[in-house]
């Protein structure tokens, strides 16, 4: 295949531009080197695109939060401040790397590395476009969660090795929170596995192809899918330590939690890991509930599939920024109560509902039954949580009104 | 408790977000180095020394009584008394500070020095752009850097400064009147003494009585 | 291709390291860790035998490993809970000391 | 393939030796994670994908964290005292070596294990799931029951009895206080 043919086939199918280019480049290499080149060409885009997205998100987040709080946000570096991430990166690189004298040097050094590597690995199973997945594993979803599990360990390493009470407190909070919210996260993803009958992420996207009238055939438009999506989103927010579940960081009480004692580039690595984790789990939510790279409306199919993935991902990022600008931080007991007394029962009920959905005849009845069960469970659980905790609109003893 | 509060909050923040682009007066912050918000009258940063007249060193109100040095909680004031004395605004002979240093990196802006000063010589400044690349020397303010005119103080706190000026004027007038009276009395006494002297001591007027 | 007994040797070494650890470590938690290592060595054996079995359609090896992992998780949870309860009682997790105090 | 095996085996066994010889207990726990991850990689090498990921999820994600928590809760996250060569130590290592010798001699003398791979068995996740729901459904249920029992048991055992008693005693005034706050 020469370059002309390549351009021709790309023009025929612009959706596959990256896939065709990769095949073309790999074809130029000798037979023995081809698998290695293929792997490298799959990894390189992941390593460049998502950290780039991280840079974009930091500036978006700071600007958006600023506007929500009626501030300007960063606007000095470059036009409208868009070069701020570059400045931040340079600052992080040239800053002094302070390691506490009492710290466990080796573990302290390894923690930021351990936090970033698994997160990057988890991108391997995310289908970002048609035929665009680094490895199509048979147990892709399991791989994602298995790799994600090591984040907790990295957090512990960071918190423990710093020999700082705030770090250790932050690490303990983070681990407690991650373990508690990992259960609803996995359980809410299981509904999709039940519907698809596979753990492979590509088959999940394939199962959501097509349209029901003008409505896309996504799982979020089913009762259990909608509930599962919201539960997954909440658990994902907690898993990636985002506000309102950011008590492991808790700037106002334990300074920055487990990375108090980190500075310079290691600190930047923690942030990179956190944001990459957020993108990965958002990507998984897109794959599970929002139809992956499928277009939302039939007449928009001409836009390349990978565009849709990133458009959806940007929507998630905006949503997370919006949530962060809106909600205050939860207290530790509220956090645990919410996970174990509200989310866990609801995810279990959701699994049952997904089973009912599977065995009822398609039609309005199925819709009504499933939606009614979920709504009743939601209201009862929420009311129960409220009643049990004696929660009521707060009265301020010393306030005027 | 069904999550409607979250939605309400999100609508509110969205309104703020959009509003900050539409109306300028929503933005509570200003672009600092180019724009500044004038400090409020009660704003206080670090102390300074008030002087009267045109010569900062000659007009300092401070008499080196060292009360502020003793009262300062973080001990950021250092005063050395002068060996000689010079007249103050009422003409009384007073010491003056040979050295008066304030380490503003230690100062906690508590204003106790101002409260205890009996001479209205030390007041709180509103100057806040003190950052400096000289870590030690740059934040140790000496007498020359601390001295600021009474007019400057008057501009910051017109009412207080006016009251102080008035009372000082009264004191001064009283003192002058006293000096005058003293002088008159002295003159009188001197005249009397002269008169006494003029009369022969051997013949007092009512010696016989 | 790696012959089967390479895996078996690795598993045997792992088992013996776990055994030695369970015998010599003084901390009760480390004894438990040694037992975990021994269980893992057994799992490796299951998987290796499954992989090299003459019956490629069978799934017993994998199933056994999955169940054994589940059991190991339960065992670790209960074991560590016991150790914490013991620690509350004796203020120590030292196996040798606990025996002495009794 | 051989190279990958050698590297993974070295890492796994090195981690295991570190677990049992390091004196700092948290370091031991971290070395244990290396061993678990190495084993996971070895399962991948044996084309048992599912078990490898389960191994990572359960051991690295749960058991290692549990051990770390136990270390911190029992305040044994400090260095074990150094105590030279004890009889118990020598005996322990001796017993382990003896066991190793027995296994190895059995291995080497038997010709049954001298297999090189025949055909790679293909076991998809779907097959595993179907088997779990049909042939192994009873063991699965039993495991579920066991895990539930273990969870409840662990909670009950680890619960501080005094604190529970305190809480039930002080429950009344606490409620009253809550009512006051509205």
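For clarity, chains are labelled A, B, C and D in written order, and residue numbers in each chain start from 1.
The rule is simple: a contact is a pair of C-beta atoms (placed from the backbone, for glycine too) under 8 Å apart; a residue touches a chain by one contact, two chains touch by 3 or more.
All values derive from a computational prediction rather than experimental measurement.
Looking at chain C and chain D, no chain is in contact with each of them.
Chains joined by the most contact pairs: C-D. Chain centres here are means of the Cα atoms, and by that rule the chain farthest away from chain C is B. Between chain B and chain D the centroid-to-centroid distance comes to 72 Å (mean Cα coordinates, whole Å). Distance between chain B and chain C, defined via averaged C-alpha coordinates, is recorded as 78 Å.
Separating the CA-averaged centres of chain A and chain D is a span of 28 Å.
Remark: chain A and chain C have CA centroids separated by 34 Å (rounded to whole angstrom). Shown for chain A are the residues in touch with two or more other chains, of which there are none. Touching of two or more other chains is recorded for residues 50, 54, 62, 69 of chain D. Counting only residues that touch two or more partner chains, chain B has none.
Taken as a contact graph, with one node per protein chain and an edge wherever two chains touch, the assembly forms an open path, each chain linked only to its neighbours along a line. Pairs of chains in mutual contact: A-B, A-D, C-D. Across the interface of their complex, chain C is touched by residues 1-2, 5, 9, 12-13, 16-17, 19-20, 25, 28-29, 32, 35-36, 39, 42-43, 46-48, 50-51, 54-55, 58-59, 62-63, 66-67, 69-71, 73-74, 76, 80, 88-89, 91-93, 95-97, 99-100, 103-104, 107-108, 113-123, 127-128, 131-132, 136, 139, 143, 146-147, 150-151, 153-155, 157-158, 160 of chain D.
Per the touch definition, chain B reaches chain A in the complex via residues 1-3, 6, 9-10, 12-14, 16-17, 19-21, 26-29, 31.
Residues 26-27, 30, 33, 37, 40, 49-50, 53-54, 56-57, 60-62, 64-65, 68-69, 72, 77, 124-126, 178-179, 181-182 of chain D are the ones touching chain A in the complex. Residue ranges on chain C touching chain D, taken from their complex, read 1-10, 12-21, 23-27, 29-30, 32-34, 36-37, 40, 43-44, 47-48, 50-54, 56-59, 61-63, 65-67, 69-78, 80-85, 87-88, 93.
Contacts from chain A toward chain D in the complex involve residues 107, 137-139, 142-143, 145-150, 152-153, 156-157, 160, 168, 172, 175, 179, 182, 197-200, 390, 392, 395.
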